[in-house]
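So that we are looking at the same thing, I have put the structure below in structure tokens.
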Amino acid sequence: MKRIAVLTTGGDAPGMNAAIRAVVRYATNKNIEVMGVFRGWWGLINEELKLFNHRSVSGIINQGGTILKTQRCLEFRTAEGQRRAYETIKKYSIEGLIIIGGNGSFTAGHEFYKKYKVPCIGIAASIDNDINGIDVTIGSDTAINTALAAIDNIRDTATSMERIFVVEVMGRESGYIALEVALAAGCEDVIIPEKQFDLSAMCHEIVNGNIKGKISWIIVVAEGAGKAEEIARQISEHTGLETRAVVLGHIQRGGRPTAASRIIALNLGEAAVECLLNGQTDKAVGIAKGEIVTVDFEFAIKKKDLRVDRLYNLIKVLT
Amino acid sequence: MKRIAVLTTGGDAPGMNAAIRAVVRYATNKNIEVMGVFRGWWGLINEELKLFNHRSVSGIINQGGTILKTQRCLEFRTAEGQRRAYETIKKYSIEGLIIIGGNGSFTAGHEFYKKYKVPCIGIAASIDNDINGIDVTIGSDTAINTALAAIDNIRDTATSMERIFVVEVMGRESGYIALEVALAAGCEDVIIPEKQFDLSAMCHEIVNGNIKGKISWIIVVAEGAGKAEEIARQISEHTGLETRAVVLGHIQRGGRPTAASRIIALNLGEAAVECLLNGQTDKAVGIAKGEIVTVDFEFAIKKKDLRVDRLYNLIKVLT
Amino acid sequence: MKRIAVLTTGGDAPGMNAAIRAVVRYATNKNIEVMGVFRGWWGLINEELKLFNHRSVSGIINQGGTILKTQRCLEFRTAEGQRRAYETIKKYSIEGLIIIGGNGSFTAGHEFYKKYKVPCIGIAASIDNDINGIDVTIGSDTAINTALAAIDNIRDTATSMERIFVVEVMGRESGYIALEVALAAGCEDVIIPEKQFDLSAMCHEIVNGNIKGKISWIIVVAEGAGKAEEIARQISEHTGLETRAVVLGHIQRGGRPTAASRIIALNLGEAAVECLLNGQTDKAVGIAKGEIVTVDFEFAIKKKDLRVDRLYNLIKVLT
Amino acid sequence: MKRIAVLTTGGDAPGMNAAIRAVVRYATNKNIEVMGVFRGWWGLINEELKLFNHRSVSGIINQGGTILKTQRCLEFRTAEGQRRAYETIKKYSIEGLIIIGGNGSFTAGHEFYKKYKVPCIGIAASIDNDINGIDVTIGSDTAINTALAAIDNIRDTATSMERIFVVEVMGRESGYIALEVALAAGCEDVIIPEKQFDLSAMCHEIVNGNIKGKISWIIVVAEGAGKAEEIARQISEHTGLETRAVVLGHIQRGGRPTAASRIIALNLGEAAVECLLNGQTDKAVGIAKGEIVTVDFEFAIKKKDLRVDRLYNLIKVLT
């Protein structure tokens, strides 16, 4: 193997740059050339790529986002788009692809590999942490810490003004971030897609707590389980208590990566290059049970079955 | 003067606790007793107050919010509410009030003083920084840094995904936070109540920039000048470019106070006690032109005339 | 089991308060009373303890340090000290002890259990992360992130002024923090107790790099492997290049715990109470391979055999 | 005026990059070309400079350090060095110099102007904040907040382990940082060059406090007023209480600039260009009493007379 390419696709996640750094430096150290592809699949289709060297990735290890930029590329879903991407790969003698991203990225990689047999290895990077078979992705620790800091701030006002807050965090199909953050911030309740939610029971509890002197509540809701604005309105109506909504939104996506997000990224960068060198393909690398693992793309893109019961109950017990 | 009372009213601001600490310790050091009143005026009306000592304010200097809690108290706007508050003051032999808060707090303090002649000194604390005659209030530096960190995060995604973001920051009647944050974060545009805003001109500029290769924009909007969601929708419609809205909301109100917010608070705590000792009343203490100043309540509560032109133009020039 | 006691001993670690919160609330939820013991073993010897309830642990989840305070207690190493501690335990009808701390704490707990048969469960909390059989302790993630932020800062000056820095981090017998931080910060070299270190080879490399244009270096050294001041002096002498030393010291021990440190603490708090309820004793709970595990005290206090080779090499390759 | 040059000299300070950005963009907006000079005076002597444009300063506003790099350049103190610098200036048709730095930088600028009459404007950037006639420099707010966060961390351990800490902060000739930080962190004492210091009186106070139950102390010392290690040793000897030293050192110099450091930098960048355009020279721009001011180099480099009494006393009263 003489030359590979690396790209970032889907939503950006803090630590992607550290992964790019590791791929480029680890591979060049093994005398393999690395091309950086810009804007994900779009860059392959449109020949936006260039040879990277050791210096190309200097000073990025602690930067959020991705220097390769990223896009959600509809064109790559077409046969024509994939064909053009493949032509770029042939033209530049690229013998393997490293795809840094999440489920969507791996789905595309899987299809592309099936069709054109270009060796593809994915690196699990996604703040949602929703990749099957993988416990921790690049970026999720940073996103959780960002959301946590925001809720710590909100707690100051919740306590001082004795108010109820409903805070919406990321997680369209998974309650992962919501659970971790609600637990770590000592929140009073959490609403996630994996669990039935009973608003009137919650309001009943709030009113009961209120009678006993508890007036400040923070309820975390995963974006896939409800809209903070609407839930706040309903709580306010049912309980007569002032309730505010906060949607953390895109502040959770960026920022200086935490130690964990960087360390995972650097380890996975090495692992991905090693996979290609060992003739592996159609797989993602990630962390599970504290170790680096490889997972078939086909398995990785299945719906992750997050076991939520223990943490969910712990949140309620510790309130 | 043998005994005074301190309360926090209106929205909480980071640094209020440092101000409480300074009032309590500076006064007790001068052999004046300090009572802490809970929940602002409500606590005076309902006799929720207690004697504080040196230890009562230990370990709070770096905590956001207010250990005295705060409320917006409608009852105090009635003659009956004020009368009951006055009775509490007499009952506990309180000879002076220190009111930590913003415009609303000072308006109430001014009325109360006129009626019952209890010496009242305000300490300017408000993240909006909208108190007339005062350049910097307790909390505003912290709020600006919190908003700035959030926008630095958003910048990572704006750059990586090449998107437009509209970020709504606090400031119902004032563009202060919006201006400072937009300048410090290197934002492409800012929308504030003090300035006419031309959406179609902005969209024109965005499209022009886009043609020249500039794809990522962050536009800051003060909450009093427009809704981020609505502006993002319009930009998206007019330009055809993907535009997202983020509302920073209550995360700006809490958090560990910055050095500046704490130092101002400690200085103003001392100044407020000194004012009472010197027989002053019906005034607020704050920082103007880098010095501690006193401002009559009547002047402080007038609409502040923020000179925005220079910063507004600088933002545009530096983009 | 009707009543247990909880104490923190040894050096404080961020997340200890979250663990205390979890122990108190989880146990009281199971109708078990919890006594908080102050200043570790000293508090048992001197009868400094009190009954805690749900409210006793409010508002501490995001605070560094330990509200129970901690000491290194020499008296407990004597038979007389242990006897007095046991008398306190009998007097207050305490049926189980939860000891939050590190190796020293577990050694003491092990001895105490052997002698007096009071059920003892340890919770692994130590920024050094040096407990055998346990991958991650409470506090280590926070300490690493604190050190990382400090080195990110130093990098700004190293790059701007083109200097060499030697940064000493915690780790008397273990290179764990040094390795993680050096990797995450993109440092040029790392000196740890587990690896032979060749200063003249390093200086040779620095001079070689310098000739090729590389002038800025950050070298991380674990405190157990050398003194930053001395190493900096030697590098300066051998290479003729300006070299500065920074000793991070105690700033690594405190601070707001990260999400990971809090979540581990809350999970281990629950696990420790469950262990006592299930009749377990003489064991520590901790995280290994991403799961909650129990480890015999006798095993936990053995010298941990940290596998350093892969990370050590990765640091060198990625430089 | 058609072309100017900008350089950073002396120690780096957070916000220098924001100042560079403002100089480049404000000047180019006025149709003046800007050359960036690398490594301060060294770059002028050795012709290391290049034309900057709008894009050259993208993405640097929130980065610590300086992209222009900086050096303490001995050669520029010689007549030959200055002559060569002047030749570069003539060769590249540079009509004005903007020097971002502190006292040393302004002294050099003043001499150079006197000799070669090249218009020179300084921008006050220095974490020590020791420039005469100027209240706040670029970087000082960031340095203070960094030191404050470090001491907040240390407070956790000081309180939990009930120990005494002596923390050394920057400030060779000025107690500015020490005073601000000691006040903001609620420290028990502060040792600065401007004030006589009586160790035995301090030890007496500590022992007295100890008898009354106060066991945790943090004493801040400016590096110019004593060595933390030595003071800690003496306190330990005199009081018999465990005392630790921490030297914050270079972590105070770098890091993401705070809002204040950035906003000052952007304003001063504009002001410096305006000064050159208005024919001013031999002056520094800075902030005094909340306004942008210009100060003659000759005045700026005089020893600043910091009025310390009020803050010094306030620290003692609030302890």
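Order of writing sets the chain letters: A, B, C and D. Residues in each chain are counted from 1.
Note that a residue touches a chain if its C-beta (ideal position, glycine included) is under 8 Å from a C-beta of that chain, and two chains touch if they have at least 3 such contacts.
Here the structure is a predicted model, which means the values were calculated and not measured.
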Please identify each chain that touches chain B as well as chain D. none
Proportion of interface numbers common to chain C and chain D (over half same, under half different): same
From the options B-D, A-C or C-D, the pair that copies A-B, where over half of the contact pairs coincide: C-D
List the centre-to-centre spacing of chain A and chain C in whole Å, with centres computed as mean CA coordinates. 28
Take the average of all CA coordinates in chain B, do the same for chain C, and state the distance between these two points in whole angstrom. 39
What whole-Å value do you get for the distance between chain C and chain D if each is reduced to the mean of its CA atoms? 35
So which bits of chain C are touching at least two other chains? 152, 155, 159, 256
Draw the chains as points, connect those that touch, then say whether the picture is a line, ring, star, complete or other. ring
So the touching chain pairs work out to A-B, A-C, B-D, C-D
Given the complex with chain D, which residues does chain B contribute to the contact? 18, 21-22, 25-26, 29, 59, 61-62, 135, 141, 144-145, 148, 152, 155, 159, 180-181, 183-186, 256, 258-260, 262-263, 266-267, 270, 288-291, 314, 317-319
So, in the complex, the side of chain D touching chain C is made of residues 8, 11-12, 14, 16, 39, 63-66, 69-71, 146, 149-150, 152-157, 159-162, 165, 244-255
